[in-house]
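Chain nomenclature is as follows: A, B, C and D, assigned in order of appearance, with residue numbering initiated at 1 for each chain independently.
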Amino acid sequence: MCRWLAYSGSPIRLEELLVKRDRSLIDQSLHARQGATPTNGDGFGVGWYEGVATPRLYRSTHPAWNDRNLRELAAGISSPLFFAHIRASTGTAIQETNTHPFRYGRWLWMHNGLIREFPRVKRELVLAVDDSLFPSIEGTSDSETMFFLALTFGLETDPVTAVAQMVGFVEETGHKHGVDHPIQMTVATTDGRSVWAFRYSSERDSRSLYFSTRMDTLRALYPESKELAELSDETRVIVSEPLGDLPGVWNEVPESHVGIVQQGADELRPFIRR
Amino acid sequence: MCRWLAYSGSPIRLEELLVKRDRSLIDQSLHARQGATPTNGDGFGVGWYEGVATPRLYRSTHPAWNDRNLRELAAGISSPLFFAHIRASTGTAIQETNTHPFRYGRWLWMHNGLIREFPRVKRELVLAVDDSLFPSIEGTSDSETMFFLALTFGLETDPVTAVAQMVGFVEETGHKHGVDHPIQMTVATTDGRSVWAFRYSSERDSRSLYFSTRMDTLRALYPESKELAELSDETRVIVSEPLGDLPGVWNEVPESHVGIVQQGADELRPFIRR
Amino acid sequence: MCRWLAYSGSPIRLEELLVKRDRSLIDQSLHARQGATPTNGDGFGVGWYEGVATPRLYRSTHPAWNDRNLRELAAGISSPLFFAHIRASTGTAIQETNTHPFRYGRWLWMHNGLIREFPRVKRELVLAVDDSLFPSIEGTSDSETMFFLALTFGLETDPVTAVAQMVGFVEETGHKHGVDHPIQMTVATTDGRSVWAFRYSSERDSRSLYFSTRMDTLRALYPESKELAELSDETRVIVSEPLGDLPGVWNEVPESHVGIVQQGADELRPFIRR
Amino acid sequence: MCRWLAYSGSPIRLEELLVKRDRSLIDQSLHARQGATPTNGDGFGVGWYEGVATPRLYRSTHPAWNDRNLRELAAGISSPLFFAHIRASTGTAIQETNTHPFRYGRWLWMHNGLIREFPRVKRELVLAVDDSLFPSIEGTSDSETMFFLALTFGLETDPVTAVAQMVGFVEETGHKHGVDHPIQMTVATTDGRSVWAFRYSSERDSRSLYFSTRMDTLRALYPESKELAELSDETRVIVSEPLGDLPGVWNEVPESHVGIVQQGADELRPFIRR
C-alpha cells in the first residue's frame, strides 16, 4: 500500500537513501517489488530532525518520482534522523494532510497498511481520541487516527504499550462491527532520539519490514566500502523493502515484533496487542 | 472570507457569471470589494446540476483567477442551477476536501463566514453528526461541519428548521466554551430544485448577501437588453456581492433572513435560530 | 511512455471509456500492459468537441487514477469526438502545458513516443516553426513541437502530407546531429470531424496502436450486447492498447500506417515520411 | 507584478525575512503596497546557497501565503545568500518552470517587470540565445528569456555589461516590432558570492527597488537591537519594497542604476543599456 524508510545514525544527506541508489525510495515509488501495489504515486512526505527541536516536514501530493523539489531538498538537507514515506492511498483523499509522516510535537509517525472498513469504524475510533489532542488532527486518514489513538494511550511516555493498546482498541472496535481482521500495519514512530518500528496484523500476515545489520558487522563484511566506513556503529535503517541488493545487509523483522533503535543496544522483541 | 454565487433559472453557460462580466466571480477572487479580505485565492469550487441527478463537482486548490481548467469548463458547461465559491481560508487546510460546495446525495452547500474558535468546539460539534452521515465527512473545515450538522437535523426534509437548529447548536456549544459570537454565516444550500440562502451571525452583523430582482421587472427597466430577454421569469442569482454595477438589479438580503428560490413565488422571511 | 484513446461516433459519456471498464484508460494509468512503462502517472488530459466549435480541454499534472475532478467531468460530459491521454514523461517538465492533447484552433494533437535526443535538436526544430504559429507554443515538450511543425507544414489542409513532412524533417535534423533513430510515435490528430492516427518510428518498431472493428460487424458478433446496439455504425475507437478483452474488437494498425476515421468509408493506408 | 528579496551576509534562517516580520515577503504575497498589483499569488520560489556549490531551489505554483512546505523549509534552512520571489504572472503560464529564481550552474536570476508584447518578439529573442544554452531553457516566460540572453552576452564574466547588452537587444527588437517601451525591470542576479541588482525601464519609470543601510550605521541608530547586533557589517538586503517600517533602514535604488553587493565596498552606479 505504501513504502517507508526510517534512518537513524550519522548525519547524511537525505538523497543518499531517497534518490541515489538503485531501489531507492523514489525508485520504489514507481516500482516497488514487495508491496501490495507496485506504484506508490499518491504523494509522499519527509520528516527530519536537526538538533532536538520539532522535526521539519515536507509533504506533497505529487508522485515522488516526478517532484523536483524533493530532489532539491534531499540534496540540500542532512540529518541524523529522518523518516520518508511514499503513499498508495487505500481510499482516503489525496491531500497533504493525509500524507505521512504525521507530526505531533517532537513525534513523527508513519504507517504502511490499513484499518479495514475504516469508514464504518472511524467515528468510534475518532471519538476515543483525547479532548486535548483532537484539534491537532488535520487529515482524515486511518493512519493519522492510529497516531492520535496511540498518543491518547500514552505514546509519549511508553510507546510500546501505547501502540499495543491502540491495536487492541482498533481490533476490538473492528470486531464489534463484524470486521474479521481489523488492522494491518508496519508502523514507525520516533521522538527524535529513539525509533520504534512495529510489524503486526490481525491476520498474522503482516507487510514486509527490514532492519539493517549492525555497521561493525557490515564493515567486516565489506572492508573496502568507503560509504560504510563513514557511518557510525549506531547507524540503522528500517525499511518496508530492501534498498539495493547487497547480501547480508537486510534482516526481516519477524511477524508481531517491535524493533527499537536507541542509545545503547538496540532491541527486537515480540509485540503483543493489549 | 469567501465569496459565492448561486444561480437558478434558464440554463446558461457557467462562464456568463464566473468569467465574462466585470466583477465576475473570478474577478472577485483577486479583488473583492465587500469581503473581509480582498483576495480569495485559497481554492474554488463549482457544483452544477443536469436533470435531477446528483450534481457534479469541480473543485481545486488553485486560485480561481489562474486556473485554466475552470475557464474551459465554465465555457463548456451549461446548467439551470449551479453554485460557485471562491475561498479565503480562515485557518483550515487548503485542500480539495475543504473546498466548497460540499455535496451529499443531491444536496449542495456553501458558506461564507466561520465558526469562531473552531478548534476548541470542533470535537463536540463533530460528535453530534449522525452515525450514518459521519463516514461521508471528507474534509476538516467548519463549513462542512455545519453542513453535516444541518443534515443531521433534517436538512433534506425541512431545510429552514434544520439550519436553524444547526445554528442554535453551534451557538450553544460556543457559549459553553466561552465564545462570544460563535457563528458568522451566509449559506446557500440546494436539492437541485429550490435554493435556500441564509444570512445570519451571532453578533447580528452578517456578511453581505444579495439577490437579483425579478426578471420581468428587470426587463421593464432594461427593455433593450438582449441578455435579459433570454432569461426566464424565474431566473434568480444570489451573491455575496453584486456582479456588475447595473442599478436596480441587486437587493440586499436583510440581516437574519432566509431567501427561498422555488417553484412559484420566491420567499424572503426572517430567520430565527432554534 | 504514454497511453491514449481517440473516440469518434455516437455521443457517449466520457466515463464509458475512461473510467468504467476493466482496462479503461484510468486503469492503464496505473498498470498499462503494452507500454514502455507500466505507470503513466505524469498527468493526463482530455479534449472534447461539442458541435463544431473549438474543443474544450481539461488537463492536469495529477495522476489520472487519483484525480477526482476527472471522474466528475467524465461522468458529466458527453461528446461525439474526444481525445484522452495519460502521460509518462520522457524528460520534459511535468506541467499542464506539456500535457496532451495540445490544441490549436479547432485541432487537437496527442502523441505516444518521443523525439530522441530532443535537447540536442530542439533549437533547430523550434526555429522551423512558422512565425505566426510560434507565439502559440505554450509548453516545452517534443510532442508539442511535432504538432507545431505539422501545422507549419500544412496540417490544416493536408494532414497526412504535413505529418509526413514533419517526420521527414525531424529525421533529417536528428541524423544531422548523429541520432540513429530520431522519432518514435503513435500520433492522433483531429479537426473535430475526421481523426487521423499514425503509427511510425525511424527504427520500424513502433509502439502499439489499435482500432476497433466496424460496429455492424461487432453487433453481428455480439447480438446480445445492449451497449453495442446503441452505437452508430460509424463509431470507432483508436487506442494505444485494447480496452477490455472482448475477442474480435481490436485490430492492430500495421507498422508505418495511417488510419483515417471520416465521413464515408474509413481508410487504412501506408504512411511514408517525406 | 512580482515582489522579490535578495539577502547576502551572516547566515540566517530564511523565515526571518520570508515569514516572521510584518510586511515579510509572504505578507507581501497577499497585500503588496508598492507593486503594480497587490496580490502576488501565482507561485513563488526560493534559491539558496550552502558553501560555493550549486544553489538549491524550491519553487511552487501555490500562493506563498498558503504553502505549508514553504514555512517548514524557511524555518529549517539557514543561508548566507538567498533569493526569494513571489509571482504575479503577466500572461505566461502558472508552472514551476516559469517561477523565479531561475538557475543556471552557480547563477540565480529573478525579475520583476515584463518584456512588453512578449508573444510578438519572443521568437526573435529566443533565437538569439546561444546554441549551447538553449537546451537549458525550461520554461516559457519573458523573465527566463532575459536570463538566457544575459548568459549569452557573458553574464558569467561581466554581469553589468551582459545585462546592458541584453536590455539593448530587447529594446532594439521591441522597437523593430513597434513596441514603444519594450522593457520594464528590476532584476537581481548572483553567482553565490556577489549580488547585482538592476533598476531600469525603457520609459525611465521603473518599479521600486530598495537596499538596506550598512549594518554599522544601523547599529549606531539602533544600539539596543539584538537582531542587528548579530549581523555582520557586510549584511545587505535588496527588496522590491521595504520589509517593516524602521526609519533609516531602506534606501531607494535610483532610476537606471545598478547596485553591487560584494567583497569589500559595495557599489551603486548608473546603468546604461548597450
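FYI, a residue touches a chain if its C-beta (ideal position, glycine included) is under 8 Å from a C-beta of that chain, and two chains touch if they have at least 3 such contacts.
Please read these numbers as outputs of a predicted model, since none were measured by experiment.
For the touching copies chain A and chain B, the fraction of interface residue numbers used by both exceeds half; the interface is of the same-residue type.
When the CA atoms of chain A are superposed on chain C, the rotation angle comes to 180 degrees, reported as a multiple of 5. With centres taken as mean Cα positions, chain D sits 40 Å from chain A.
Among the residues of chain A, those in touch with two or more other chains are 68, 93, 96. For chain A in complex with chain D, the residues that touch the partner chain are 48, 50, 56-60, 68-69, 72-73, 75-77, 96.
The part of chain D that touches chain B in the complex is made up of residues 30-31, 38-39, 41-42, 61-63, 65-66, 68, 89, 94. By the touch criterion stated above, chain D contacts chain C in their complex at residues 93, 95-97, 119-120, 122-123, 126-127, 131, 134-135, 137-140.
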